[in-house]
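Sharing a structure with you now.
Chain lettering (A, B, C and D) follows the sequence in which the chains are written, and residue indices restart at 1 in each chain.
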Amino acid sequence: MTDKNELTRVESFSDAVFAIAGTLLVLELKVPIFESGLSRGDVWKKLAEGWPSYLAFLLSFGTILIIWVNHHFAIRLLNKISKSFLYANGFLLLTITLIPFPTAVLAKYIDTKYASTAVVFYSLACLLINLAFLVWWAAMHRPVYLIKPEVTKARVKGILSQLWMGVGIYIFTTLLSFWFPVIGIVLVIAVDILWITMSILEREMKKEVSV
Amino acid sequence: MTDKNELTRVESFSDAVFAIAGTLLVLELKVPIFESGLSRGDVWKKLAEGWPSYLAFLLSFGTILIIWVNHHFAIRLLNKISKSFLYANGFLLLTITLIPFPTAVLAKYIDTKYASTAVVFYSLACLLINLAFLVWWAAMHRPVYLIKPEVTKARVKGILSQLWMGVGIYIFTTLLSFWFPVIGIVLVIAVDILWITMSILEREMKKEVSV
Amino acid sequence: MTDKNELTRVESFSDAVFAIAGTLLVLELKVPIFESGLSRGDVWKKLAEGWPSYLAFLLSFGTILIIWVNHHFAIRLLNKISKSFLYANGFLLLTITLIPFPTAVLAKYIDTKYASTAVVFYSLACLLINLAFLVWWAAMHRPVYLIKPEVTKARVKGILSQLWMGVGIYIFTTLLSFWFPVIGIVLVIAVDILWITMSILEREMKKEVSV
Amino acid sequence: MTDKNELTRVESFSDAVFAIAGTLLVLELKVPIFESGLSRGDVWKKLAEGWPSYLAFLLSFGTILIIWVNHHFAIRLLNKISKSFLYANGFLLLTITLIPFPTAVLAKYIDTKYASTAVVFYSLACLLINLAFLVWWAAMHRPVYLIKPEVTKARVKGILSQLWMGVGIYIFTTLLSFWFPVIGIVLVIAVDILWITMSILEREMKKEVSV
């Protein structure tokens, strides 16, 4: 089996975890109980009251999607694997597998006076994923250098500084959310939206980015 | 990694989401409680009383199957990907991941006086998926044209008009279901059955369709 | 995309459904409640009291495994696909996706006076899967003949008669279980064990079976 | 279809089961209930009180990861499959699919006076997986020898003695945990950590290990 095949297997295992973690999120959407004697308007209001769950679902699904796209493009930079990398990738997957849990906490408490704790917890989870990405990135360099020789140092550095920026952003939103949870969660959402937009624009502008 | 491989990865990630969303539907089938002192006939009646869940399961599984087949044949028309397409595909997957939720609402309330809301909600979900397919289709054209040059304009237009027809149908069933939920859900089911039948016949008649 | 690739995609989609249906079975194993004041022996007895769930898990996982192996070897006989086959395969997957539901019914009631209904229900599910296999098999022949020309008529007939035998067996166990549920479920289990044993022996004896 | 392809299919089916079993673990993490009138400190304490669940999640995810890596490297030693091997692999997957159950038992009772039973139960599950690995390993040798001729006898023996060592360790931790559950679970965790560390070091030191 060639290293090419091994990379493919790492990718498809990771993809399966991404797909399952994303799909399990729907289990958090609970069917509301419609008591007898509700008017049609009341029933729709009941459905609409599930907005914290819908919002949390959208946010976490979007996050997993972003991670999937980035994981995908990062893997394309490699030409071999090491056992350290396999375990670092496993640790990254572990943090992604966890997403449904802070999502459920967020959905349950964003609309209560415990919103601050819920947002801090969610933001910490985003921070953890970013840290796992840093470990993953480190495992591409040590003990064996797994990156294709033709990938420029500038590109590698560019990705690394993006990762550190992510760490910085989530430390900031975590701290901020202790006092201003609404601003905190809006920022977390905005970062996701900004990331998708930038990522689409960049890709279409600089075709040569792909290796 | 070639664009061919990238398409394969998009396909297999999508397939995983389809497979999980379809399989999670079974979690909505709840084992009925048989109190002591039931006759054999009562017990079977209890099992039969789960028909709204069985119906909703069949309908949603059928829908996911149709989406899978169509997604599969549409992907075959492409010869490359763009980041916009990746995110549009992700949005499409998001709407499919959601299916278990309106399915559960339908199963719980189709047999109650809230049937109208349940069917409207389900029909809206079908509409959302169709709209996501339109976005997905648009992302195949812009900003980068991803479709193989040998695919005729007529074929591309044919698919597009099918998508718009789907949007029209689900707007109609949604509106109708506010007043006539039973007719609404029967129509939604009929559209699925019709679609499968037409799709099988068309394929066997016009072999040259496949690219 | 070649027909070879299409077969691969059908296989991997089916595999994902098999894997998920098998893995979801574990969700039926509920952690027992240990009230305070139990002795160590009582606690282990509580765990052991979950035997109907463990048995149902083993049986259904074994069944899915057998289906996976047979699906796998049948797909190897094909050299192309048709839309009818895709939908017939989808219907087969639907019946497999359902397995966790009769499994849960069996686990809950095998040890009660409703055992008969539970076993009949489970046996009916096995029958349904076998019928779906017959439809699937038919779709390999019509409207397009998908089987490789080098596969002998004798081999095709052999598989078909195995399928009909399966249908016969499960009709028998279903009817029998109305009156003798314990014998019924023992037969269902025995058929699975026999099947695995025969399948291993046959394969090792007649190497030329593989195409 | 070549034996190469068959091995790939076995791998990807197994991977799907590993990925799902790992991801389902998150469903055991329950959102705590925050009653009204809790201070911020209380709320965080409530979240922290979930530590047995977090620990059990980490441990089981780590275990699945180790199994995935080892399964992966063992499959690389093969150049064909047999039906016996397919069923032995299925039995191995069955034991892995079960992991969420002892994990849930461990999470629920590690912090109670029933800790001993919970750890023994978990340790037994690890033992079962190791025994399934032995069966799997045996099925690589009999009735058909599936291992590539270029794999040295020494390497095959090395893996076998590792498996027996694992059996020995888990028999020991199981027995020990009847009286000293805390030491038992610490040992189980330590074995996992040690295994990952050794595996990373070995791989990086003896490059020639990979076949």
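A few points about this structure:
Rule of thumb we're sticking to: a contact is a pair of C-beta atoms (placed from the backbone, for glycine too) under 8 Å apart; a residue touches a chain by one contact, two chains touch by 3 or more.
In this text the structure is predicted, and so the values were computed from the model without any measurement.
Considering every other chain in turn, the ones in contact with both subunit A and subunit C prove to be B, D.
Least-squares overlay of CA atoms from subunit A onto subunit D yields a rotation of 90° to the nearest 5. Chain centres here are Cα averages; for subunit A and subunit B they lie 26 Å apart. Taking each chain's centre as the average of its CA atoms, subunit B and subunit D sit 36 Å apart.
Each of the following residues of subunit D touches two or more other chains: 12, 16, 20, 24, 27. Contact topology of the protein chains: cyclic, one closed ring where each chain has exactly two touching partners. Applying the touch criterion to all chain pairs gives A-B, A-D, B-C, C-D. Across the interface of their complex, subunit C is touched by residues 11-12, 15-16, 18-20, 22-27, 29, 31, 34, 36, 38, 40, 43-44, 47, 57-58, 61-62, 65, 68-69, 72, 76, 196, 199-200, 202-204 of subunit B. Taken in their complex, subunit A has these residues touching subunit D: 1, 9, 12-13, 16-17, 20-21, 24, 27, 82-84, 86-87, 90, 93-94, 97-101, 104-105, 108-109, 112-114, 116-117, 121, 143-144.
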